[in-house]
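One chain, chain A, appears in both complexes that follow, with chain B as partner in the first and chain C in the second.
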Partner chain A sequence: MQPIEFAWLIPVFPLVAAIAIGLFGKKLKEGGGYVAVVAAIASLAITAAVVVQVLDGSFDSADGVMDGVFEQSQMWLTLTDSYSFEVGIYIDQLTALMLVVVSLVSTLVIVYSLAYMGGEGERKRRYYTEISLFVGVMLGLVLANNYLELFIFWELVGLCSYLLIGFWYHKPSAASAAKKAFIVTRVGDIMFMIGLIILFTTFKTLNFRDLFEIEASGTDLSLLTIGTIMIFGGAIGKSAQFPLHDWLPDAMEGPTTVSALIHAATMVKAGVYLVARSFPLFVQTPETLLVVAIIGGVTAFMAATMALNNPNIKRVLAYSTISQLGYMMLALGAGGYLFFHTQHAEGYTSSMFHLMNHAFFKALLFLCAGSVIHAVHTEDMRLMGGLNRKMKITSFTMLIGALSISGIPPFSGFWSKDEVLATVWEAGDLSWVFVLLYFLGIATAFMTAFYMFRLWFMTFTGKPSVASDHAHESPRVMTYPLILLAILAAGSFLVLFVGGGFGGQVFFEEPHSLAPAEVLTATFAEPITYLSIIVAICGVGLAYAVYYRKSISSDVFVSTKASRTMYDVLIKRYGFAAAYDAFAEKVVYGFSKLVDLFDIYVIDGIVNGFAFIFARSGNIIRRLQTGQVQLYAAIVIAGISIVFILLYLVGGLR
Partner chain B sequence: MIPIEYFLALGAILFIIGAYGVLTKRNAIVVLMSIELMLNAANINFVAFSSFYGDVRGQIFALFSIAVAAAEVAVGLAILLALSKTRDTINLDEISLLRW
Partner chain C sequence: MLENFPILSLLILFPLVGAILVFLTGRNGKAAKFIALAFSAAPLILSGVLLASFQMSFGEYQFQENHTWIESFGISYSLGVDGISIPMAFLTALLCFLAILFSWDVEHRTKEYMGLMLVLEVGVMGVFTSLDYFLFYVFWEVVLIPMYFLIAIWGGPRRAYASIKFFIYTHVASLAMLISIMALYFEAKPVLGYASFSMIDIATVSGGFGHLFQVAAFGALFFAFGVKMPIVPFHTWLPDAHVEAPTAGSVLLAGLLLKMGSYGIIRVALPTLPEGAQVLMPLMLAIAIVSIIYGAVICLAQRDLKKMVAFSSISHMGIVLLGIATASQLGIAAAVFQMFAHGLITAVLFMMCGVVQHKAGTREIPLLGGLASKMPYAATFMTIGFLASLGLPGMVGFVAEFSVFIATFDAYTWLLLLPIASVAITAGYYLWALQRTMFGPLTEKIDTSHLHDVSWYEAVPLAILSFLMILFGMLPGLIMDYIIPSAGIISGILGVG
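For the complex of A and B:
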């Protein structure tokens, strides 16, 4: 037996833990927190064994097909001979990458939760049940071998997200944020489902392996474009891309650990994962890839602008998450477009590299923010300040995270962001759209550096405020995960220099492994690399000048009328929150009212009309019943006579 | 030998007279008597065909029919007796309880 054959156990441990904690959590220590940690570590251990096998390619594929994919499956539903569904696991390098990210980050976050959620009392049981359930279904989502299975887990992570955002459901804001997250992502899910129906009816299968070979099968591909766009619709909802991005900032109503795990490191990556998983389909439809790239670029830019002036530490990070997810989508779109025209798919690799780095540094940033919130009991950055002396570990690890996300070399965020931008720049040769998107990306990089360091300076430097007076460093259960994540956030770029590099393992169609020296020349020989470094440093510098040296007053952003308007527009999120409400109120509710009127007047009208006609006609006809026996007898005799006369006339009696 | 048509004509005439009585008379006793006429019209047919085909089954049925008619009259008269006791009438026009 080889370790990879036990891969199906990876999601099973957290799921069993969820059931156990749900049933017996009250009697367990810490509301079952330790059980959740043990289950997550067990998954992590199996993941590690599986990943080692995937990396050296030493496994025997279960079905004898040698294409670097390990697949085990079981027939589940047979509709007819040609329509059937499977359950199974599908492991390639992409799956392995996601498994590592999900199980590693979730283990650290659950460990961190032991301290962060320590004061929740009875509610801890619910928290650990839901978070274990989430880890299980997220791992299941990653392992699925067909779209139906993926879709089921996709909905389940949405459910867990709903439950955990609404963890403090007694707060009305949390309850409505949970509903908003669920309903807004549902819009995308419906599109995803339509996409799946299109694929299933066209290609008669939802298995990844069969679908990825349809190009060769000679089936008519004309429906593929609309199918892939619909699937991308699912990704838009789940990964909070424009125009369905507005639920993610509200999702910050949940506990910070939930924001770190679900709304930064894992679940929101499911959309990116979906596009990456469907890449063999997407690369056949350049129109869809263009849509993916444009949505990604616009999202990255818009979300970054909204992060610029938000006073809430978690919301800044939420906008930053949306923005970075936009980068990943942009890279996938541009990379796929390049592949369609030139057969090079470095964009796929760079997107996945950014996904991995982002999972580490964004989980780090959120957990640092959680540590700060734990200490000062507020999320408003204006009430913080001067914390770097009191919370040395948190402030230092958060600085690493901020440097990494800002793209300052040599931290890992720099390498992946640079690769993303390089891909987009390269795609600029094919279409002017990508040149535009490249400059959006550069502007985003500048803003990212600015708002991250605005956050850092506002929180950790300056004069201590009332809230930070009695702040103290968090317990070790919380700081150790921070330190581990900081090491990963700073050093995960080292995978570029090990073996064949990241591109030698996570790739599409062709591995592009580079020797360490080649990586360095490929990065630093390009002039555009220096452009992204310069804008990042400019962003940090501006934040330094405004929020540390205070040599530029932050009032400049609101001093003139135009900038004041701009400021208000950003605080109001470009009116998206209001637009959602207006859309729901006017369009959806109006349509429902219209349907209601149709129901009242047309449907009920028809039913009541029939009832009225029959009641009225019955009222008339009942007068035939006179009660006179002789009249009845006369009618019977007349009837029989008529029958006989007719029979005689037509000849039946002759 | 009298041809069978004569018997059938007699039966038909009796039946029509009976039916006419059932439909037009207001007195329930007369209606019962008219029903007897119709039954006897049927009996005549039974016996006529029995003789015509040389088959004794027709005569057996005629006997059954007479017995059933006797029973029917007994029940019918009992109902009429009860009616005249409770409603003080046996005029069929006034007995129309089962109407709208």
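For the complex of A and C:
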């Protein structure tokens, strides 16, 4: 038996932990926190063994391996002769990547929670139940070998997200945010479901292996186009892409650990993963890829603008997450488009590389923010400041995260973001749309550097505020995960220089291994690389001037009427939140009220009208209402008697 | 061993004997409860035996019992189950047992209450196992009486209005059914050469009946069964009945009685009158879609938690009708699965309405809020029930809805967009209701100082049902495998694959 044949155990540990904590958490130490940690570590250990096998290629000899994919599968539900569903696991390099990201970040976040959630008392049991459940179903999602199974886990991670956003359910804002997250993503999920139904009825299977071998043409191809766009609809909801992005900022109502794990590092990546997983289908329809790229580019840009002036530390990070997810979508769209025309799929690799790096640096940034919030008991950056002396580790690790996401070399974020932008630039040869998207991407890079350093300077430098006075560094159980994540955020790019590089492992169709020297020339011989470095440095520089040196007053952003208006528009999220609410309250609820009145006065009115007419003519109702219930029994007996009379009459005629 | 064992008769006989014994107990309410529980536990065990010994791959009737009753009229005592009735029989036994347990605190006329619950079980079980029209009709009418009394005696303030409305409305529908049954009987007699109320006998010849006859008879049957489901626009008796009915009454009304309607369409109307079915299929489709959306939209406007759940039943029974209206094997099978799923789910929902009413003293959503802090178990059960009802994957409702949607796309392609949109509305009203009742700060509009969590006799049925909703959601084949072959026989008669 090879280690990979035990891969099905990876999601089982956290799921069993969730059940155990749910049932017996009250009796366990830390409300079951240690059980959750042990389960996560167990998953991480098996993941490590599996990934080693995938990397060194030795899993090829395991049972169930075909064409570089390990698969175990069983019949789940037979509907008819032509329709059936399976349940199973599917491991290729993409799965391995996701497994590492999910189980590693989960483990660190749960360890961190031991201190961060330490003061929650009775509620800890619920927290560790729900977070273990999340880890289990998230791992299930990435292991699924067919779309239906993926969809089931997809909805279950959404459930965990709902429960954990509403963790402090007594706060109306948290309860409301949880509901919004569920319903808005559900709109995407309906599209996803329609997509699945189209694929299923067209191709009679939802198994990845079978579907990915299909080369559609004719009607099938147009159905495939609609189907993939619909599936992408699911990704729009889950990965908070425009126009279904507005739930993610509100989702920050949950504990910061939840934001770090679910709403930054893992669940919101599920949409990106879905597109990457479906790449063999997506690359057959350039229309879909164009949609993916445009939505990704627009989202990246728009979300970055909203991060520019928000005073809430977590919200800035939330917008940043949306923006970075947009980058990943953009890379997939552009990369797929390139593949369709040129058979090169580096875009796929760059997107996945950015996904991995982002998971590390964004989890780091959120956990740092959590450490700060833990110390100062506020999320408002205007009330922070001067924390770098009191919280050296948090301050330093967050700086690394900020440098990484801003794309400052040599930190990891630089390499992947550069590859993403290079892909889009290259696709510009095929269509002017991508040229436009490239410049949106560059503008986003500038804004990213600016808002991240605005955040860092506002929080850690300047005069200490009242809130900062009593702040002190967080305990080790929190800072150690920060240090580990900081090492990853700074150095995960090193995978580019090991073996065949990242592209030699995670690729679509053809590996593109590069020797270390080739990586360097591929990056630094391109003029556009310097453009991304320059805009990043400019962004940092502007933030430095405004929020550190204060040589430019921040009032400059609201000095004119136009810029003031723009400022307010950004704070109001371009009116999306208000529009969602108005649609729900005025349109849907208003319509519902109307239908209710129609039901009472028209439909039921007619029924009661009939009753009234009969009552008038026969006075029956009045007698009934006096409570002569025996009469009803009589009516029933009368009914049956009529049968007999009829039978007798007809029988007599015979 | 079970070849000549009258297991179906026993399913009906146990609650009947139980009812008689309960009525004989005198003033001792406690004895009545225990007798009722025991005599509803017996059919539950028997239905388990039935499930275990049923031959799944074989879709025809099994465990048949045939005894001539009134020979000259062709009336026989004829029972049998196939893959469509067997999940319903199990559901009946399960819900009756749990509803009796859930009513453990009934102190007002306990004896009558428990007796009526058992009589109700007799009727419903009879409907789901009869293979003779006459017997079917008798059982159908038997169901009406205990439900009428349950509402009229143990109901809320407007119980008189609601119970009469329930009785007259459904009785008018029964009359339509009676007329079509008689028409079928007389039409079949000359062709058969003998008088027979046997569903099987009549079905062998009824396919050849005249076009107009088929359409008219099918229309009348569809009306009769549709009122019971209920379908828009014949639904207004349902919210009134539910709002006034006692909790266990609502559980059985929504969990079982509504299924009699859709069961009638599948068992009687479709296979007996295939030509009529084909002509009226567009009408059924339209009504199904309207019911799904209308029921969901109207839920948002409700202030009474129980009324909301009642309207949600209309929407979810619309999904059953949608499956039927595809006329395909998958659609019919999915419809039956949805009946089963809805039975489990709606039982939890109505039980939770009862818990809220009982503990908080009101079901008015605007008066509630933040109850989760005082009653965490109740909040958990309510969340599980709502999630199951909104079709969360991994729970039983999802499999049913998803299969119906596949069948709908198969049969009518883009028309699917209308019913599938209701999925978002459904999530909307449930989560909004959850937010306003269980979450947020604890309400100050009602006295919450004596608010207690669920009692044991409430927790046990809720826990069993929650477990089953998850079990059948994760392993839907446990039920679906029974249904598929029999659904294939019916779709075969309709001439669709």
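One rule holds in what follows: the second predicted complex is superposed on the first by the 578 of 654 C-alpha atoms of A that agree within 3 Å, B and C clash if a C-alpha of one lies under 4 Å from a C-alpha of the other, contacts with A are read in each partner's own complex, and residues count from 1 in each chain.
The rule we apply is simple: a residue touches a chain if its C-beta (ideal position, glycine included) is under 8 Å from a C-beta of that chain, and two chains touch if they have at least 3 such contacts.
All of these numbers come straight from a predicted model, not from anything done at the bench.
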{"item": "Broader residue contact with chain A after superposition on the shared chain, chain B or chain C", "value": "C"}
{"item": "Which superposed partner A:510 touches (first chain B, second chain C, both, neither)", "value": "neither"}
{"item": "Which of chain B and chain C A:581 touches, first, second, both or neither", "value": "neither"}
{"item": "Shared chain A surface residues [contacts with chain B and with chain C]", "value": "625, 627, 629, 633"}
{"item": "Contacting residues of chain B [partner chain A, same complex]", "value": "19, 22-24, 31, 92-93, 95-100"}
{"item": "Contact set on chain A toward chain B in their complex", "value": "622-623, 625-630, 633-634, 637"}
{"item": "Contact set on chain C toward chain A in their complex", "value": "72-73, 134, 137-138, 141, 144-145, 148-149, 152, 160, 164-165, 167-169, 171, 174-175, 178, 182, 186, 195, 232-233, 235-237, 294, 297-302, 329-330, 333-334, 370, 372-373, 387, 392-394, 398-399, 402-403, 405-406, 409-410, 416-417, 420-421, 423-425, 427-428, 431-432, 434-435, 438-442, 476-477, 480-481, 484, 488"}
{"item": "Of chain A, residues touching chain C in the complex", "value": "76-80, 83, 148, 151-152, 154-156, 159, 162, 166, 169-172, 174-176, 178-179, 182-183, 186-187, 190, 193-194, 197-198, 200-201, 584, 588-589, 591-593, 595-596, 599, 603-604, 607, 611, 621, 624-625, 627, 629, 632-633, 635-636, 639-640, 642-643, 646-647, 650-651"}
